[in-house]
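These notes concern the structure reproduced below.
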Amino acid sequence: MSQQGKRPLNVLQKAINKEVSVRLKMDLEYRGRMSNVDPYMNVILVDATEYSGGNPSANYGKVVIRGNNVLFVKISSNFQI
Amino acid sequence: MSQQGKRPLNVLQKAINKEVSVRLKMDLEYRGRMSNVDPYMNVILVDATEYSGGNPSANYGKVVIRGNNVLFVKISSNFQI
Amino acid sequence: MSQQGKRPLNVLQKAINKEVSVRLKMDLEYRGRMSNVDPYMNVILVDATEYSGGNPSANYGKVVIRGNNVLFVKISSNFQI
Amino acid sequence: MSQQGKRPLNVLQKAINKEVSVRLKMDLEYRGRMSNVDPYMNVILVDATEYSGGNPSANYGKVVIRGNNVLFVKISSNFQI
Amino acid sequence: MSQQGKRPLNVLQKAINKEVSVRLKMDLEYRGRMSNVDPYMNVILVDATEYSGGNPSANYGKVVIRGNNVLFVKISSNFQI
Amino acid sequence: MSQQGKRPLNVLQKAINKEVSVRLKMDLEYRGRMSNVDPYMNVILVDATEYSGGNPSANYGKVVIRGNNVLFVKISSNFQI
Amino acid sequence: MSQQGKRPLNVLQKAINKEVSVRLKMDLEYRGRMSNVDPYMNVILVDATEYSGGNPSANYGKVVIRGNNVLFVKISSNFQI
């Protein structure tokens, strides 16, 4: 616990190919495998599901999310990171 | 799955001439062929259809979408990418 | 279709003197002849009509629209581009 | 019509000392003589009238409007430009 | 009238120590003596009164207003400028 | 009164260790001792009280406020500045 | 009290591995251990709990919060800093 952690953008890089949940500003959430992310937090999700108001509302293969509207990226604790 | 994916902006470049769906901040969505995109995510769609609240609301030939209002770009899994 | 298209800002430059429709963030739309545009998407419209909620609400000779509030610029398919 | 027009910021510079109407994001509009403008679209209006919801709501001598909240500047066709 | 006016930020500099009214985005207005202003439109008001919805709602000695939320600065015509 | 005042960011620096009130965009206000501030208006408050809608809603020891959401910083006239 | 405090971003760095509460713009709050933070205020929280409208609404292992939506970071006075 006294050890210094990794920088936020490095943590995101290390989560590539993990399952993540990306929350956008308008109460939209996207869950899927993060196939890549850049320092601006532009994210590529594959096998993605959209959640609107907490309910799944759409599925699609690949989505490129623009970083400036990202509130946060959750990395599931069910996956080894 | 352990292989590193492509960077987000490269994925968009590779989707040029594919059918995409571009979601903007105000619950507006535009579907059409992405004839080009730049690193700022300014997008040109041709043969575009506007969806407002999920319903098609307008058709037009060519639209230039300003990148800073883009939430995300979906790339249909029905197309080879 | 396999040919690379033009970059978004070049497409706008080529639409100078064409009829366009410029949509702003607040459900405002301006139609007229685009007498010029710069890389920031600042646009000059002449013989412009304002549409608010889909209905024409005002006419005026010349308007300079600030680029950062532009959602998109539609270029009518009725014009050769 | 095939002639290239002037760049947007130059058009604004040429409208100095003309009557203009400046629309801001919050449905506020200011009409008056534009005594100056800079490339950021910061505008000085003199003998200005504020319109809120389309009705005149206040008069004042001189106002400096910050460019980043400007939606557009209308230049009246009643004036030679 | 054919004379070129002063640039917007210079006009603000010249209004230092005058009574001004600063309008912010959230229908808040602050009136007082502008003891200083910088190019970002950060403003210092002294002997300031807050107006909310047009009514005075608070008084305080000194307030530093962050420029990016300023809509405009009115300079009263009752003062020589 | 003809003397030039201090620049806004300098005034904030001089108010370090004074009691201030920091207003954020969402009708939130924080009062406490400003233990530091940087040029971006990131502020550290200690012994801080949160006011929401004008009423105290929470107390806490130390809060780091991000500058870009600051509307203004009031400096109480009860303190020598 | 006359001693100069630490700069805001340094205070955040010193709070690494402490329990913090991060408030975002949309009335969302995240509490957990801040395993890292960068100068843009991108924050990593671990063992995080989401509070929406004041009530806990979700738990998750690790979340990367994008700095530009952070209103403030509270550092609990129950922890030595």
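Each chain carries a letter (A, B, C, D, E, F and G) given by its place in the written order, and its residues are counted from 1.
The criterion applied here is as follows: a contact is a pair of C-beta atoms (placed from the backbone, for glycine too) under 8 Å apart; a residue touches a chain by one contact, two chains touch by 3 or more.
None of these values were measured; they are calculated from a predicted model.
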Going chain by chain, each one touching the next, work out the least steps from chain B to chain C.
1
Could you give the fewest steps needed to travel from chain E to chain G through chains in contact?
2
What is the distance in Å between the mean C-alpha positions of chain B and chain D?
34
Take the average of all CA coordinates in chain B, do the same for chain E, and state the distance between these two points in whole angstrom.
43
Using the average of all C-alpha atoms in each chain as its centre, how far is it in Å between chain C and chain D?
19
Name the residues of chain D that each touch 2 or more other chains.
25, 68
Going round the ring from chain A and on to chain G first, in what order do the chains come?
A, G, F, E, D, C, B
Given the complex with chain E, which residues does chain F contribute to the contact?
1-2, 4-9, 11-12, 25, 27, 41, 67-68, 70-77, 81
Within the complex, chain B is touched by chain A residues 16-17, 24-26, 28, 30, 35-38, 42-44, 60-66, 68-69
